[in-house]
Each structure stands twice: as structure tokens, then as C-alpha cells.
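Both complexes shown next keep chain A, but they swap its partner, so chain B is in the first and chain C is in the second.
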Partner chain A sequence: MSVLPHRRSATRSLRDDGWAGVLFALPHFALFTVFVLAPVVYGFYISLHRWHILAKTHPLIGLGNYGAALSDDVFRIALWNTVYFVVLVVPVGNLVSLLLALGLAGVRRFQTFYKISYYLPVVISIAVVAVLWRWLYNTQIGLLNLYLEAVVGGLRSIGLPLPAFEPLPWLSNPSWVMPSIALLSIWWGAGGNMVLYLAGINNIPEDYHEAAVIDGANSWQRFWAVTWPLLRPTTLFCLVFSVLGAFQIFGQTYVLFAPGSGPARSGLTLALYMYQQGFSQYEIGYGAAIAYLLFALVLILTVIQFRLLSNRDDEPSQANRRTA
Partner chain B sequence: MRAFLRRAQPHLHLPMLLLAFLFLAPLLWMLSTAFKSPEDIITGLGAMRWLPRPVTTENFRSVLDKAEEFPIWRWTGNSVFISLAVTALVLTVDSLAAFAYSRLRWPGRDRIFSLLVATMLVPGQVLLIPSYLLIRHLGLFDTYGALIIPAGAGAFGVFLLRQFFMTIPVELEEAARIDGCGPLGILRHVILPLARPALATLGIFTFMGTWNAFEGPLIFTDSLTMRTLPIGITIFQGRYNTEYGPMMAAAALAAIPVTIAFLIFQRHIIKGISLTGLAGR
Partner chain C sequence: MKKQRREFMRTPLNTPTRLRSCVLLLVFLSLLLTFGCTRSGDRNREGTDTGGKTVVDFWNGFTGPDGKMMERLVRRFQKENPDVSVRMQIIPWGTYYDKLTLSLAYGGAPEVFVVHAGRLAEFAAFDVLRPLDDLYAAAQPPVRAEQFAAVPWQASFYKERPMGLPLDVHPMGLYYNTRLFEKAGIVDAAGKAKPPADWDEFVQAARKLTKDTNEDGRTDQWGFVFTWQRTNFITFAAQFGGGILSPDGKSCAMDSPQTREALRRMHDLIYKYKVAPKPEGVDAWLAFRQGKAAMALEGLYMVTSLEEQKSLSFAGAPVPQFGPERGVWGGSHLLCQPREIAPGRAQAAWRLMRFLSQNSLSWAEGGQVPARVALRQSPKFAALPVQAQFARQLSHVRYDPLTPKINALFPFVDPAVEAVLLDLQTPEEATSDACRRIEQVLKRP
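Showing the complex of A and B:
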């Protein structure tokens, strides 16, 4: 009896807060409107014009910039390089993150030390990371080639029939550039998804593993029968955001090859091309169109990933509901 | 049974240790190079040595001495100030907004919230050109404002805090209401004290994200004194292209503060990621 009137008055006063709600949301919403919503709309508007920053007029050309991009050879190079980077970095990077997480879940001692070691690169600025890896990748005196040379030399001296060591052209040979950038990007980012996978693994109820053990499953079978299917929401989340992030690759190639875009444009990505068009050539109409093409691509891929990965996830739960 | 399954697997330690070394090696090499003499960096055995012999601070001095060309203290100051200001702004506007979206009722609330969440999928590049024009138009170009004010517009913090606020029992709020608290009082005396872990997580991520931000500072500032540390590093590289000693010293100077912050707050950070699904960038 005494609870009900309280409840009612509480909900009524909640409703009475109508203006308070608007007022509290307003500071953020004002910033959001000016610096997110408006730019999203304005950017599309810009992309429909031939728009040079210094020119007095900017004629409307409809989808002209989009058509120009699709028949622009440099745009195609940038698109190809970006897609190539995503294809290299997303599957391998997620695999590395997952393996690190599985390793972490299997040890108790030194777990914090391992976690810190794998995660530390994530907190470091891409500018520092790229400057550092440009040094590691140095052909003559970079860490990687120095030690590879020592290893090859050592193996030859004990009689292995290896050819003499040729310095690897990490950043100087166009076909090495994207794999090299992918390697440094995986080193930089693997720790982030690792923590997410680890949280997903730790969320799997222990009973499921126990049941599998009782059924005689070894750890390999347990991974495929228990961990992997139950980790699917985590995997979907990590994949979607990895793809989203990888398509926006900019800092790596900007710093490694500043001010250009690598040998034979092999480091040119969509984001870098947008930057060059918009902020070096001042062709912001064209630059905005490139950004929107990137947006469209990412959106389509996100939808596809959701379809592919979450549908399969729904089936068993629906089946359960039907039997229940 | 639990003990059996969670039994430590000692055979994992060897690969894990090796991997830990592989992940740390580039950073250790950065430090090693930073403390090496120029001759050691380029010649045979010295170049392969992990412990510099002799240890020299020459590289750091040559970075810090070029204050005219490379105002690294100014850049550090800019990075500190901007990161602190953005963190304060984000925590303030986001906790007010998250309170409105989780605890107050007002027309259109859920629809607007969906709009916020949807924009989290928009790539940052889409915003750069229009924001640049906007920032110029508002007279913010090449000011601290250009790097601070737009940073308060993101939807992520609102989303994160709203999720956390919703887990706080309504009963506590009702008790405060009966005691005569208005919405602001409830936020200050009930919600915020209980949401400290979420606020700490958001604060740390915002600080680190701002400290490391690259594209914004690159595009929204252009004078040497308004740059932040990450941009400063690339300016330095552009000029000292092949002098790896000073370059690694500068890189180490930019990396050390975040590394220390990370080591102090690592428990919070790693818990925060699993709590929020934010991978740290």
C-alpha cells in the first residue's frame, strides 16, 4: 500500500522532468549537431560541387566527382591498396588477437605481464609507431635486416645450403610496401582485439567446458565445439570494427612516406588520397566524394558482415525457443 | 573440476614469453637507439647491440636544444593541455547527456539516441573536409579550440556512460527525489559517485586518444607552435630524415608519458575495454 503512491509520484515527477531532459542533453547535442551531423550532410553537399578552396564559385556538378573518381586511375590504385591492406590486416590481425587471448586464458602466472606486453603498442601514437618502424625497416642498418642477415649467416656457417643474404626491401619495393605496413599495423593493434577476445572467452560458462571434457573432448575439440561458436558475437564485433578501422588507414603511410605515398604510389590509400586532394590540391569537392565512396564501401561491408555472421548466430537460439 | 580446467598450462609459457619479447622488442630498440652514439648506430657490432655502450644522452640533448625549429616543450605542453581540456569537456557534457538519455524522460529521446549510435559507424574521414571549412568559418582554425571543442561531439562516451547509468538501481534515485533532490542533485549525489569506474575508463581513454590523435591536429592547425607531439614527431622526421638517434629520442619522449600512464592505469584500462568493447583507439 505504501509503495504504490511513491512509485506513482516518482514516475509522475520523471515525466515532469521533460524540459530537464532536453536541457541536460543539450550541451552534447549542440556539439554533436554542429561537429557531426552538420558535417555529414555538408560533406555530401560539397561532394556534389566542383569546389576548389580558393575559387570564388563552386558549380554544382551532381555526381560528377563520383564519376570522375571511378574513372580516375589514381583513385583505383588507392582503392586497390586499401582493399589489399584490409584483406591482409583484418584476418591475420584477428587471428593473432584470438591466439594471444587463448594463450592468456591458458596461463595464470605472469598473465598480467603478458597482457601488458601485448597491449602496450596500442597506447602509442601512430606517429611514433611509424617513425619507429621506418627505422626497423631500414634496408642497410634496420633491426630486421641486421638480425635476418645474422641468422642467415649463422645457418650458412653450419653448412645449410642457403643463398647469401640479400637485404629485404621492406619499404622500397612496391610489392613489399603493403605487407610491411600490415605487419606494423598488426603489431600496433593486435592487443586491442585481444582484450575483447579474452573477455569473450572468460564469459563462456565453465560448465560448457566441463560437459565437453566429460564427453571426452580434447582441447582442440573443445575449442571448435565450445569456445569458437560461443565467441561468435565477439568475433563479429571485432571483425566489424577492424574492417571499419582498417579502411581508414592513414597515419602509417602518411608518416612512413611523407610527403609522398611510397614507391610507385604503393602506399597510397583512400584516406591519404582524400587528404592529398582536399588539403594539398585543395580540391575539396573531389576529396569529399572520395570520403563518401569510402563511407559507402564500409557501410556495405558492415551490413554484409552482420548478415553473414549474425544470421548463423540466430538459428540455434530460434531453434531453442521452438523446442522450449 | 574448475581447478582441473583452469590448471595453468606450463608449456604455454615459452611461446608466450617469446611473443612478449617480440611485442616489446621494437620499443626496447627505440630506447636503445635513443641512447646510442651516432657511430654505434651505423656501424657493424654497435648497431646490433641492445645495451648501448657507451650510454649517451647526446640524442636527447640535440632534440631539446633545437627549441627554435622544434619547440618540443611547447608541443608537449599543447598535448597535455588539449588532452586535459578534451577529457574535462567530454566527461562533463557526456555525463549530462547520458543522464538525460538514461534517467529522464523527454519527447524524442530514444530516437535521438539511435541517431547518436548510428553515427558511430561513420568513418572519421567523412567529417574532415566539412569540419575544416566549418572550423575556418568559426574562426577556430589553428587555435586550441579547433582541437578541443569538436572533440566533445562524439557519441561514444554518451553511449558508454548511458549503459553504465542504466545499471544503477532506480530506488536510489527515488530516495533522493523524496529527499527533495532535483535532476542535477540526483546526478551529482547519486549517479556520478556510483559511476566512478565508468567515468575513470572514459576519462583515461579520452585522454590517451587525444594525446595520440593524428589527423585532427594535422588538418586543423598549421603553425609550428600550435602543433601537438605526434605531429611534431613527423615534422622532426621530415627534417632529420636519416638521423635515427635524435629521431628515436624524440619518439621516446612522445611515447614515455602515455606508457607510464598506461602502466599506472593498466588494470582500469584493460577492464574498461572488456566492459565497453572499446579497443583502445
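Showing the complex of A and C:
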């Protein structure tokens, strides 16, 4: 056997096995390993130790940090606040995005202008958004209270029996804090999902609508019987990603409240608590454990949502089978 | 030409030359990564830069007018010590300790840095500070206790070893708006604004100063305002014989009857006497600066910003005697060195520390009381009106509890005080809640 043919076959196999592809992927894989995979694994290792940044030794305590977090009532407060935020922001936020998209789909002139206008907040950094809204929310001199006062004053002057306006404690009363943060977050993020919904709506073939019109459907019936069911994949996609994003809420409360995390800890979220433990208390072992608990929670929810997604997709085919 | 290019693009990637260049590119990229992550511009081990000068890095958090004072002092030091090159870095206090902690843990710590008295124990307990006793003894004249005010001197020790050279003290004091006082008739025999000296006088004055000036049914001028709740609380608690921790630092004292009484008095100012606004959506310090609040308890470091505001007539006085004991919150800046310091640089760093300490009188103008007794007793210091008034309280200054765990305790102290002042919880509820958590932290190894 000569050497040459053998070599040729080796090069061929290299090509056929996709080694070239592997080589192309290597730079990304190297970066991914160094900056994502290794820290993720190392983070888990850290979470199994009592690990203060300044300490010379880091004793292994197994799942001790996890146990401590689950019995830590501040952790529970943070968990509750986070869940509350998700519950507030995901349904309402998606509804707002959907309504905006529906509205925009009907606009013929200046559609791009409106699209850009509604999308603009999405590209602003959360630090800027939070500082901006801190001023809007200011109880004494905030624009929101100023306008509300003017509106209430105006309604009273035309004889409506309204009580005198009391400045709303947007960010200073514990029970107002999360709804206020949710409002800010919806304003900030609604444009993102709006674009997705709009794309989903535009993907629905015009024929369906025409058929519905011929059948005499009004606009509500057309939405309910055509748009809504055909938009389901988009809706579920948006919901899954909204939930993922909402659970990781950090920037808003960090910028608005910083160390104390709001009156009576009403703005303390899991990501913020993790940050505080890791980078203010320097207990990075405990912080890492909180991060992994948050990860587990989000993972479970995502799996559940994906199950729902695939089940829903099965439904029409099952229905078809039944009718057949 | 076009054909050639197409041919080129079609050339299989896995021909040996192409493969080799790919591998080379990858090696180059990984080298880039490796070297990109190493520290650049590291000085040599003797700590000299190219000009033969000893480099001393100096970190602090003096971002306000005090930073300018410090810059001036450092420039003077440079002139007198041409063989040393000081590189001062001012990092906002909000992130200062994060950066300092990381540098002490993973390298890159400065040769001289500022630590607050309340945070010293935390760093000392982890053994990252260089004890200064040999430097104190070798100095000419040696550094000794009697040269310093007792409170900061004692606070600069950890396990009987000096860990930081006390630079200053910044006690809390009473700032009051003299124009509002005179308008309300709270004046002495000479017709000048008279600050209250005890609880009764304080409440009385605050009542007179709380007004609805435009008669819309809402108070728009307050007698008093809570600015930093934590330091206000430590002052009140100290005066009623309470505090965050017991004197030995081993148990929580927030649920003691004394601390609860202090919290009740603070609560009363808002809800019983109605002389202070509910701390809800109020920028308290701004309210004082705008003349919407007549009195506030704040640290001495606030004085320069008030002096810069020409429209405000104000004065400073010691905190009124609210309770049976004397006590007022204060802080101190200590100058420290890291445990890992090149021997060549430790001496130059020490020269800078001594210089700053000995010349801290001009530092005092930025809103401080010098820790050195001789400087405090100088006529130049007596001429600083607010500083001299606040300095009268030096003997009974209370720091944040001097425990290595202090940083882990405040997250439970602050919300408790806030809950009381917002009337969300009674002092009893808030403090038993806080103590339960504080005890947990204290029990942690």
C-alpha cells in the first residue's frame, strides 16, 4: 500500500467527518468554555463550600449553603417578591405587547415610525430607564404625581365628588413598590414582544381572514377564531422568554433602591439577593447557592412551559385524527 | 479573475496549507486570550518605576470636596518627597470596599488605603492588614496613644495590635437653619438662633418650626427631618443606653428596653409630635438644604456642601441630649497597609501615612476633626465654626459596632429602623425580628 492514497483518504475522511466544522467552531467553543462553561461549573463548586472572598481556607460544607438558603427567611422574601413580579409583569406585559401589535398591524401609514417609537425603550440601558423612572415616580416632584394631581383637580373643579389628591407613594410604600417596578418594566420591554407578535400576525395568511369575512365574522370573531389560535406559537414563545427574563430581574431594583432594596425589602429580588450575598457580604459560596436555586427554579418552569408548548402543538393533529 | 476567485473559494479547506493556517490562527487566538488575561504594566518587585522613584498607590473614596483637599495634601507630599511617586485613586464609597476587598483577596492591593473604623475589624479578622507597631516604634518621635484622641486611637486596634493610623473623626451633629430659628423666635438673649440642648427643648423648637406656610392644610416646613436613618438610630440608641450589639459584641441588643425606647422616641417625632415628615418619598437632606426642614442630624462631612450654598444660613451644634447617656454616632478614616507589601515600598507608604496624619489640619477644613490632639487644640481649628462645635462631642463618639461581622448585620438593622419610622411595625416587632436574624449571623462561624 502506497502512502499517497492512504493520505488522500485521510483528508477525505477529515472533510467527511466534519472536522473542518469542528475547527471553525473551536474559537467560539474556547471562548464559551473560558467565559461560560468553566465559571458555571466553578460556581457550582464554590456553592458547596463556605467561601468568604478574604478567607484563606474554604471548608467543604456539601449542600449546607442550599439548606441555609431554604431556611433563610430573607431568601423567602426575595423569592416571593420575584414570583410576584413575574406574575405581574408576564401576563400584563404580554397583553400590552399583543394589543400594540394588533393596533400596529392595522396601521398603514407611518407604521415604521410607530414601530420604532414603541420599540425605542427596549434599546435603552436599564440603568438609564430606572434613573428616569425614579424621577417620574418621585412622590413630591415626580411628573406622574404632578399630572395625576392636575387631573384630579380638574375633575373636582367640574363638580365630580372626588377626594383631594394625595401624592401616591410609588416607590416608598412597600405595597406599591412591585407594581411600580412592573409598570416601569412593561414600558421598557413591551416593544420587544410587540415586534414578535407583529411578525406572527403578519405571517397569518390573508386567506383565512378573507374566508372569515365572507362567513360574516366581525372583527372580534376574526381575532378570536383566526388570529389568536394561529398566533399561539408566537404567544408561547413570548411567554416562555418573558418568564425567563422576569425571574432574573435585577437592574431595576438595583438602580432604584441599591443596598437596602426598598422599603421593608419590598424590592429585594432573588438575583439582587444573590448579588448582595456574593459581592456586598463577600459570601460567594452562599451567593452561588442562591444562583443555583434560581437556576433550578427557572429550569423547572421552562421544562413545564416547553411541555405545554409541545402538547398544544399535538392538539390539532389529534383532533384531525379523531375527525378522521 | 472572477473565475479565479470562485476557484479560490472552492478550494477545499482541508488541504494541508489551509489547515495549517487555520491551526496557526487558532494558536494565535488562544495566545491572545492567554496574554490578554494577564496583568499588564506590573511594576518590578522593588516597587520602583522607570524614573527610579518608589511608587505608592493610595486608594480612598473621597469623591466630594474632601477629595480636592486630599489631592492638595498629596501634591504637597510629592514636593517634599521627590523620590516617591504617589498614584491616588478616588473610588466612590459605594463600590470602594468591593474593589478593595477583591484586591486584597486576589492581588493588586494599593500600598496605602483608607478604611473606616467600623470596617477595620472585618479586614483585620481575615488577616489582610499589616500591623503597624514596628513602624510606630521606629518613627521619630514614636507614634503614641497620647498624641491621638482616645476614641479613634482605640478603634484602630484589633486584638491589641494597631492596624490603621487614625486620620480623623467625623461625628454626627445638629445642623440647624438659623434664619428659620430666628423667624420662629427661638433665640438667645443676643437675638441669635439658639440650638436646643435637650429633648424637651428639641421637641418644643421642632413644634414651633413645623408650619403650614401656604395654608393648604399640608405641612410644608418641618421642624426636623431624618436623613440617614442608620446613624440617627445609632445616636438615639446610644443616648438611651442601647445599641445594635451588647458592649461585648456577642449578642444582639436591639430588643433591649433601652433601644426600643430610643426607637419609640424617633417614631414619636413623626407620629406623635408630628414635627418630622414620614420618610416616604422625601429627599430629606435636600429638604434641609431648601429650608423646608429646620433641623437635621448629619455627619460633619456634610459641612462643605452647605458652606458652598450661599443662600442657606445654617450653623452646627452638638446633638441635643435626648436621653440619660451621652453618645453620638461618628466615623473615622484610618490609613492602612496591606499584609502583602513589598518591603521597599512599606517605608515610602509609611512616610505618606505620617505626612497625611501630621498635616490633617487642612484636611479638617473638608469636614473632619483631626485625630491628633495637638492639631485639634490649635487656634486654626478653633476658627472652623461647625468643626469646632461638633468636636466638642469627641469623647463620646460611638462607631458602628466594631465587629468583623458588621457588614452582615446592617442588612437586618436598617430595615428594622425603617419599618418603625414608616409605622409598618412597632419597635417591639421590628427589633425582635431583627435580633432573631442578627443572632443567627453572630452564631455563624
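Going forward, the second predicted complex is superposed on the first by the 297 of 324 C-alpha atoms of A that agree within 3 Å, B and C clash if a C-alpha of one lies under 4 Å from a C-alpha of the other, contacts with A are read in each partner's own complex, and residues count from 1 in each chain.
The definition used in the following text is that a residue touches a chain if its C-beta (ideal position, glycine included) is under 8 Å from a C-beta of that chain, and two chains touch if they have at least 3 such contacts.
As the structure is a computational prediction, the values presented were derived from the model and not from experiment.
Asks: In the overlaid three-chain picture, which partner chain does A:308 touch, first (chain B) or second (chain C), both, or neither?
Replies: In the superposition, A:308 contacts neither chain B nor chain C.
Asks: Is A:138 touching anything from chain B or chain C once the two structures are fitted on A? First, second, both or neither.
Replies: After superposition on chain A, A:138 lies in contact with both partners, chain B and chain C.
Asks: Should A:56 be classified as contacting the first partner (chain B), the second (chain C), both, or neither?
Replies: second
Asks: Applying the document's definition of touch, where does A:206 land relative to chain B and chain C: first, second, both, or neither?
Replies: first
Asks: With the two complexes superposed on chain A, say which partner A:281 touches: chain B (first), chain C (second), both, or neither.
Replies: It touches chain C, and chain B stays clear.
Asks: Would you sort A:245 into first (chain B), second (chain C), both or neither based on which partner it touches?
Replies: A:245: touches chain B, not chain C.
Asks: Counting touched residues of chain A, say whether chain B or chain C comes out ahead.
Replies: Of chain B and chain C, the partner in contact with more residues of chain A is B.
Asks: Just checking: does A:151 make contact with chain B only, chain C only, both, or neither of them? Give me first, second, both or neither.
Replies: After superposition on chain A, A:151 lies in contact with neither partner.
Asks: Where does A:20 make contact in the superposed view: on chain B (first), on chain C (second), on both, or on neither?
Replies: The answer is both, since A:20 touches chain B and chain C.
Asks: Return first, second, both or neither, reflecting whether A:170 touches chain B, chain C, both chains, or no partner chain.
Replies: Once the two structures are laid over each other on A, A:170 reaches chain C alone.
Asks: Which parts of chain A are touched by chain B and by chain C alike?
Replies: 14-15, 19-20, 23, 27, 31, 34, 138, 258-259, 279
Asks: Across the complex, what residues on chain A touch chain B?
Replies: Listed in rising order, the residues of chain A that touch chain B are 6, 10, 13-15, 17-25, 27-29, 31-32, 34-40, 42-43, 46, 100, 103-104, 106-110, 112-128, 131-136, 138, 141, 143, 146-147, 150, 187, 189, 191-193, 195-196, 198-199, 202, 206, 209-210, 213, 237-238, 241, 244-245, 247-248, 250-251, 254-255, 258-259, 270-271, 274-275, 278-279, 284, 287-288, 291-292, 294-295, 298-299, 302.
Asks: Quick check on the complex: what are the chain C residues that touch chain A?
Replies: 12-15, 19, 22-23, 26, 29-30, 33, 94, 98, 101-102, 104-105, 123, 126-128, 279-283, 407-408, 411, 414-415, 418-419, 422, 424, 437, 445
Asks: Give the list of chain A residues in touch with chain C in this complex.
Replies: 11, 14-15, 19-20, 23, 26-27, 30-31, 34, 50, 52-56, 73-74, 138-140, 167, 169-174, 258-260, 263-265, 276, 279-283
Asks: In the complex, go through chain B and note every residue touching chain A.
Replies: 1-2, 4-6, 8-9, 12-13, 15-17, 19-20, 23-27, 29-30, 33, 41-42, 47-48, 92-94, 96-97, 99-101, 104-107, 109, 112, 115-116, 119, 121-134, 149-150, 152-155, 158, 170, 174, 177-178, 182-183, 187, 208, 211-212, 214-215, 218-219, 229-231, 233-234, 237-238, 244, 247-248, 250-251, 254-255, 258-259, 261-263, 266, 269-270, 273-274, 277, 279-281
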